[in-house]
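Scroll down for the structure; my scribbles are underneath it.
Chain nomenclature is as follows: A, B and C, assigned in order of appearance, with residue numbering initiated at 1 for each chain independently.
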Amino acid sequence: MKGKVRLTIADSVAHVTLSHPGKLNAMSRVMWQELREVFEAIQQDAALRCVLLAGEEGNFCAGGDISEYAAFRFEESSLRQFHDELVWGGLQAVLDCDVPIVVQIEGACMGAGLEIASCCDLRLAGASAKFGAPIAKLGFPMAPRELALVMCAAGELTAREMLLSAVVLDAQAVAQRGFLHRVVPDQDVADEAVMMASRVKRLAPQAARLNKQAFRALAHTQRALAATGSITNPYAYAASAEHREGVTAFVDKRSPQF
Amino acid sequence: MKGKVRLTIADSVAHVTLSHPGKLNAMSRVMWQELREVFEAIQQDAALRCVLLAGEEGNFCAGGDISEYAAFRFEESSLRQFHDELVWGGLQAVLDCDVPIVVQIEGACMGAGLEIASCCDLRLAGASAKFGAPIAKLGFPMAPRELALVMCAAGELTAREMLLSAVVLDAQAVAQRGFLHRVVPDQDVADEAVMMASRVKRLAPQAARLNKQAFRALAHTQRALAATGSITNPYAYAASAEHREGVTAFVDKRSPQF
Amino acid sequence: MKGKVRLTIADSVAHVTLSHPGKLNAMSRVMWQELREVFEAIQQDAALRCVLLAGEEGNFCAGGDISEYAAFRFEESSLRQFHDELVWGGLQAVLDCDVPIVVQIEGACMGAGLEIASCCDLRLAGASAKFGAPIAKLGFPMAPRELALVMCAAGELTAREMLLSAVVLDAQAVAQRGFLHRVVPDQDVADEAVMMASRVKRLAPQAARLNKQAFRALAHTQRALAATGSITNPYAYAASAEHREGVTAFVDKRSPQF
């Protein structure tokens, strides 16, 4: 496939690459759609044994493409559609993938990047990678289902710290908190990811798919509970001054006034 | 407010202080009621952006006020009322607070103190702080909802160790187990807590409240399940000899004989 | 009791020993039945205050007894009976035990051993112990309820790594991930386990039983959800070529071809 989420298949391994040059592979709306299509294609291919997901040119994914936000974030129905259909459609396709997913994390792993990484099975990072979701600076919360996803993968302590105090953590810190399987020197992360994919590839493929289905049955429950929880309207903040100020200030390269 | 749980508000930050001189801020019955009132007042104040919770004079909270126990713990209905209404009323008010809560932990963080800290979002501790719930020495279990709260915040491993072997752990150990965000030298913990509150205060306040509601939707589920679990009567132990011996021995300053 | 799962009682502590000489205490079908009987007996004995579970001769348990697998694993109904009745019957009896269980882990703690250890309350290991569930090399997945058990005890990150990439981790690694309470030099683990059992024994016994019931109420929920999750038939893989190849290759001492 062409586009900004690229799929190549070699020797029963699917290589998925996020590519948004000049934006540290930040996810645009079209990229969420492409992410969904790529993982739906992977799920249809019974011959695949592993997915290796990475970002281009030394970064995994810096978050969402903020330049698009003013076009849809300040109206409740378009904000809801963005999160519930476009973003969750992409994340759900990754979560629904029965093939083990190795994610190779370099550089920025922020916001949308953190959410995508949270859908993967085996997480490797280079020592200088950075992790966070400092959207409280942009004037908006994380959508509840996405929060539940990050909370399950990164732990409640880390999710609260990232969301409520907007900290950015380094690879060593999130590894100690249980988000990463391994941290390796930056120059080794690509080779290590290939070695891990190669290791996964040699194992029993049907067993892997059945194990992934069992993990999913457990995780789905938690997220479903979050989605149907006590929040009656998670997107009512769309038109608020705070939301508008945060996004606008970022685009204008000035500090937001909350 | 006067009383033993004090609230002062300055520059959109609510400072809540536990103050029970000579008892390391152990929670008496009146303090649970005051804790509830203070946090209900905070929740009503739309202008607040952060809560900073601490204990007076170098300790957070050493547990419950054991000198009161003989008056109500050995009868099932008064024990039930204590846990389900008084204690849970206080904890629920902290949990229901939509404003991010930074807790500054020094010295003793035991039993009730551990439970209160488990309701907070960002947990900082001084290096010499101590954590535990050695109530098995006092002849009684933790109430199931409180156990679920500690288990979610401190992890199942740590909760089992604290309850079943009555260990007291140091700050470094519970940080490694994922209960604390940061451990700093004792003399720096107050300044660090103020800096973290100040950082939280500058972020988007509506986003923080929405994120807290989402975290709560997830956490509520787990605790609700625990509360409605397989335990038909968690307070039937009230009049047991073991319970009476544990509490009485403590008050008499002798070793309990179980 | 005689047999391969031995129970001796001394001074209100039940000592349970896995003994399968020459197989690193691997669990045969008869041992699962014995494990159930031993723990049902323990649960009936109101005078017990602690269980100390260990394996004989420097190993805890290397997994299942693979030499038996060809006799029952390749037919769906006998595979289902094995997992749902025999294995889960044993694990359930350990989980249902109201007495605190200290597990002393030396050497191999793999597969079935990891599952049994996951049912215990206080986990001590010698520094050279090894942990994993590399059954993807044997061509089969972990049964969903057993997976949920390991996932809750060892964490999702570690469970995915063990199942999907078949890694074997050392004691220090799984301690850092939150599976173990303590790692001690190999020569000290037996003494430390006795000391921990002795510490537990002196605490209030009714309180311990009530705390264990509360922990169980929480944990049951997660596992029940997993068991009734989206997997309609977790044992349909019984007769698959992959399953047969994995088990057969192991018995034949050759590499499986998946």
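We adopt the following convention: contacts are C-beta pairs under 8 Å (C-beta built on N, C-alpha and C of every residue); 3 or more make two chains touch, one makes a residue touch a chain.
In this text, all values refer to a predicted model and were calculated from it rather than measured experimentally.
Colleague: For chain B versus chain C, which are copies of one sequence, does the interface use mostly the same residue numbers on each side, meaning over half shared, or is it different?
Modeller: different
Colleague: Working from the CA atoms, figure out how many degrees chain A turns to land on chain C, in steps of 5.
Modeller: Chain A sits rotated relative to chain C by 120 degrees.
Colleague: If you average the CA atoms of chain B and of chain C, how many Å lie between those two points?
Modeller: 34
Colleague: At least two other chains touched by the same residue of chain C: list those residues.
Modeller: Chain C, residues with two or more chain partners: 176, 178.
Colleague: Could you pull out which chain A residues touch chain B in their complex?
Modeller: The contact residues of chain A facing chain B are 135-142, 144, 147-148, 151, 155-157, 159-161, 163-166, 176-178, 222, 225-226, 229-231, 234, 237, 240, 242-243, 246, 256, 258.
Colleague: Looking at the complex, which residues from chain C come into contact with chain B?
Modeller: Against chain B, chain C makes touches at 100, 121-123, 152-153, 176, 178-181, 196, 199-200, 202-208, 210-221.
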